[in-house]
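Input: structures, listed below.
In what comes next, subunit A is part of two complexes: it sits with subunit B in the first one and with subunit C in the second one.
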Partner chain A sequence: MFVHLWLKECRLLLKSITYLLFVVIIGLFYATQMGSQVQDDIRDADPGKTAASHQQTAGSTMGISATPPASPFAKPLPGQSSYGEKTAENPATIMPEAVQSLYMEYTDNRYASYPLGFFKAVKLSPSEQEKIAAAITEITGSTMEQLRQSISDASQKAAANGLPLQIGRGNSFSFPIHVTYDRFKEVMAGVEKLTGSSSSYSLQHMIDSYGHSPITYAEKLAEYNDFIQKDRITGAYARLFSDYMGIMLAFLPVFVTVFFIMRDRRAGMQDLIYTRKISSSALVAARYLALIAMMILPVLFLSLHPLIQLMGYAGDHGITIDHLAFVKYIAAWLMPTLMVSTAVGMFLTELTDTPIAIVVQGLWWFISLNSARFIMDGGYGSQLILRHNTIGNLQVYQDHWITLLLNRLGYTALALILVLLTVGLVQLKRRGKLNARSKLTKILAAFKIQSKARVVE
Partner chain B sequence: MNPKIHIRHLNKSYGTKQALQDINLDIETGMFGLLGRNGAGKTTLMKTLATLHMKNSGDVTVCGIPIEKAKEVRRCVGYLPQDFAVYPNMTVYGAMDYLGTLSGLPTSIRRERIPQLLRQVNLEDRHRMKFKALSGGMKRRLGIAQAILHDPEVLIVDEPTAGLDPEERIRFRNLLSELAEDRIVILSTHIVGDIEATCERIAVLDQGQLKYTGTAQELTAKAAGKVYTVNMSKQELERVKAVYTVTAMLTLGNEVTVRLLADRMPYPNAVPAEPTIEDAYMLMMGGHSDVRSSMA
Partner chain C sequence: MAAAWLLIIPLLSGISHLDPAASAVVLEKFTALTGIILMTPLFLPEQNRDIRDLMDSKATPQTGVQYIRLLLASLTIVVMVWGMVTVMQAMDSHFPAARYIFGTFASAFFLGSIGFAAYGLCNQLAIGYMVPLAYYLTNMFTGSKYVQYFYLFSLGNGSFDEKYWLFAGGVILIVLTLAFKEIQRRR
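Presenting the complex of A and B:
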């Protein structure tokens, strides 16, 4: 009986416009973000076309890799001029680039900060500005006037050669460093206190933004071997696929869920359903599982596109791939995200009989997406949206395996708790014990009367 | 086994508003009419019996099952809400099948019973029609079909004939009477004609209190000797309405035939008339009611 109900709910979903929109949006997102990824990588691996210095971003708009790799299919050769760059705690790049950023922001007295992922321009008081100036002076060994003069000289010199001024390592001007790395960290900790922990001067942010070092041949070769032997190609692409789909599955399902659950009230069918014999747990479970199944279906279908291309490549080159890699990643990586966003939609819609879940989930999505922007290549934390916007980087994935596991298990548990609470809410509503909409209407009506009374006064 | 409903000292309130006050009622097989003005507590009583509302106090058993055991009560109760509707794009058969699944009916039973019931409510030819394309009468008939899909011993029908044309209303009343042969059918309405034509036993609710319970004939008998018809001019009408409860009027030119309630002969030319259930109801409610007669 449960299976019959589940199938009927699936069929009802299939006919809903919101679900069809979900399928279209997720399809378009895949097409624009990753649609040609595998094909491009295979083409770029062609020795005739691949230049050693060729760099390619892993994604497009959503993916900004600090050290974009060449085609992962291309086996590195010894003696190439460059193998790309990697993120690393490299004082030689971190110190001049961080102090350059600080100098620029000091000049404008406008310090970029991202509390909860939202951009905020921090303006400092004159005394705080003096402290920033003192920090820059200590790090560079130059007064602010001397720095201004040096930049001006470099600018004139560049202009004389018909070139724009370029600041940074290997350019016409680079900020001098007169302190040790340990002292630099201490000074910048003071700066961070003034500009805020979500500014650009936390140690982690400085490493992510300014710390980079060249990849060696041995490292590049090891990365290639990981790609072919451990990831068996498909694992690497499945992670990138999960990165993109995770962004969508953390938000879009709440729309489908809210409209699906609210249709009972819209159609005036609640009493009719509530008086049936079915238990509240079976009703909620059938609907929840129908939503999950129907929303994971297009994701599974889309994963066939890169898989088929990789199967073709592997067949031509005698490489063994993991045919189930995408299914495994979808189940373990994406499923908890889908489960949570659907459960939030169900719970809040049953609780309030309003579409408030869209606002709540939208806010969570925005914060999660922005808080993960410094660990785009993998790293993970407690975010709902896990990022791994690069091909490969298996080592980071393996290093954070436990964090990843706890994250996914945690969200799965949260989703199940919300579903159980939803069962309780439906049970209360069936006995007329919960009618939040009626209460909200009364509160709004009382508020209106009060407002009118104030206007009259 | 004859299905029975026992209600003892039932109280239900919404905040400070007492919706049902110390209701005592026994209902047995057959049509049972629940009469009362809007807001009298009819829907609250029906929703309580349909397990949609919790009582504050009192004892209620449906088919011998305490109302607290909602899941068991739902097995033996069929409910047609006042504003019956299903998803607009669902077909007639699809709606029956979906609701049958929610009632826990196996596929084989659904396949057997749905065509039978659609035939019974004269919707057999419309089984592929979408709900939104059905007329008001068809929707109500589908409502009845879905309510008896799981063959309940109690059928609760809330204001089923409101908005139907006279022909549909009579057809619908006859359908309910047929269904009441072997089950309890509780019909809530403020249309006295529906009750008069179908219900043997009735209850009258007013402001949450039970004002009458018994047979329709006994209620009608309460108005015996208190109903008169009088012919008068239109100019006299306002003066008469100020003194007596007028239950019907028939205008012919400048003359009006008035049906009114009075304890004794009101005018020398007044003629005693046979009371109807509507007259008795108006007498009981003190002449103030929004109950409508099907004849009005």
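Presenting the complex of A and C:
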């Protein structure tokens, strides 16, 4: 009975235009974001074309540029001039670049802050500005006037040579540092209190933004070995695949779910379904599992594209790959995301008889996507959308394994709770104890009567 | 719903002390979504067969009714964008108001017209919302690479030319959709 119902729901979904559009959007998103990634990386693996590093690090505001990406398939050779840069707590870069940023923001009295991941400009009072100036003076050993003069002199000198002024490490002007790193952190903690914990001056933010150091040959080789031996190539690509697909699965399923449920209501099938002998839990479970199965299916299908290309490469080069890596990542990484967005859709639609779930999930998606913007290459947190927008970076993945596990288990539990609550709602509806649409209509009707009454008065 | 969204924006993102680039983000990426909310469901009343039959029996042409609805929705978008711009400027954000109002309206109008067309052609509200959102995501994740002149977030890059294309594209989409509906009705 249950299997029959589940199959029926799957067939109905297949005929749903919303589901077909979901498949098209997922496919297009994959094609535009990752469609040629494996092919390009394999092509770029030619040793002659090997660039310094494939690890892109966030470039600083001035002076230091991001390392160009290279193929992860290219084995690093000893004696190269550079192997790229990595994010690291390096006081030599953090201190001058952070104080440079602080000086710029001080002169504009406009401090960047990212609560919820969205930009917010913070303006300080004159007394707070004085405290910032004091912090800059202590760190650089120069008054604000002296700094202004030094920058002006450097600018004139650069202009005389026909060049624009460039500030930063290795350029015509760099902010002097007159304190130890420990004292610097203490002073910046005071700055952070003024500008806010989500400003650019929290220690973690300073490390992420300004902390970088060169990657050595040994480190680069270890990274390559991780890619080949531990990730067995497919693991690294499965994480990138999950990164992209997670963005879509955190939002699109709610459309399919909401309109699938509401279609029954529009067609007047709801009462017919409710009067059947089947239990509410079986009814909800069959629908939920059908939605999950049908929506994970195109994702599994898409994962075959990079997998087949990697199998071809591995066969040609005698490398062993993990053939099940994509399936494992889809099950453990993507499935909880899909489960939650589908469960939110089911629960809120049954509760309100409206498409409000789209708004709720859309808002959650928007916030989650933006709050993960500073951990794009891995790092993770409590976000629904987990980011790992790079090939490799296995160390970060391993370092945050527990966070990742708790995150996924937590969302799986949330999805199951929402499904159980949906069962309860359906049960109440079948007993005639819950009719959100009728209540909403009554509220609106009462509001209309009140409005008329006011007009009469 | 659109008004509620405008009220939520300041809770998500700062709207005060912004420079032109940061102001463009608030207007193009957030405020422009009002276009989808306001223009997509304009065929909703006719979704009900009884109402559709009743409307068809009237002397007033359906296309005319739709144009009036579109005009009202567009005016509402303009008022909302203007309101947002006024509040932002009052809160010490600096940007050229007229350019940003038209630029944001053009993005909102184009997004809305995609939703309007998708709903009109498929008769499915879900499709009406999903297609413009997919277009929005394409712009968000691939920039102007695929959409070229129809890039929604060009103000942030200091470019205004795309806004004329978006507005013209929106008008064409609407005209074609209403022509399609008219042909469908006559059959």
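The criterion applied here is as follows: the second predicted complex is superposed on the first by the 424 of 457 C-alpha atoms of A that agree within 3 Å, B and C clash if a C-alpha of one lies under 4 Å from a C-alpha of the other, contacts with A are read in each partner's own complex, and residues count from 1 in each chain.
The criterion applied here is as follows: a contact is a pair of C-beta atoms (placed from the backbone, for glycine too) under 8 Å apart; a residue touches a chain by one contact, two chains touch by 3 or more.
None of these values were measured; they are calculated from a predicted model.
K.L.:
Label the relationship between subunit B and subunit C on subunit A in the superposed model as either fit or clash.
P.N.:
Aligned on subunit A, subunit B and subunit C fit with no clash.
K.L.:
Pick one for A:283: touches subunit B only (first), subunit C only (second), both, or neither.
P.N.:
After superposing on A, A:283 lies in contact with subunit B but is clear of subunit C.
K.L.:
Considering only the touch criterion stated at the top, classify A:119 as touching first (subunit B), second (subunit C), both, or neither.
P.N.:
Only subunit C is touched by A:119; subunit B is not.
K.L.:
What is the C-alpha-centre angle with subunit A at the apex and subunit B, subunit C at the ends, nearest 10 degrees?
P.N.:
Value: 60 degrees, nearest 10.
K.L.:
Looking at A:352, would you say it contacts subunit B, subunit C, both, or neither? Reply first, second, both or neither.
P.N.:
A:352 sits against neither subunit B nor subunit C.
K.L.:
Once the two complexes are aligned on their shared chain, state how close subunit B comes to subunit C by Cα atoms, in whole Å.
P.N.:
Between subunit B and subunit C, the shortest C-alpha distance works out to 11 Å.
K.L.:
What part of subunit A is shared between its subunit B contacts and its subunit C contacts?
P.N.:
none
K.L.:
Can you list the subunit B residues touching subunit A in their complex?
P.N.:
47, 50-54, 70-71, 74-75, 77, 79, 81, 83-89, 97-99, 101-104, 106-107, 146, 150
K.L.:
So in the complex, which bits of subunit A are touching subunit C?
P.N.:
Per the stated touch rule, the residues are 17-18, 21-22, 25, 28-29, 32-33, 110, 113, 116, 118-123, 247, 252, 255, 258-259, 355, 358-359, 363, 366-367.
K.L.:
Across the complex, what residues on subunit A touch subunit B?
P.N.:
1, 4-5, 8, 12, 15, 263, 267-269, 271-279, 283, 430-433
K.L.:
Which residues, counting only subunit C, touch subunit A once they are in their complex?
P.N.:
1, 8, 12-14, 16-19, 22, 25, 92, 122, 124-127, 129-131, 134, 137-138, 141-142, 145-146
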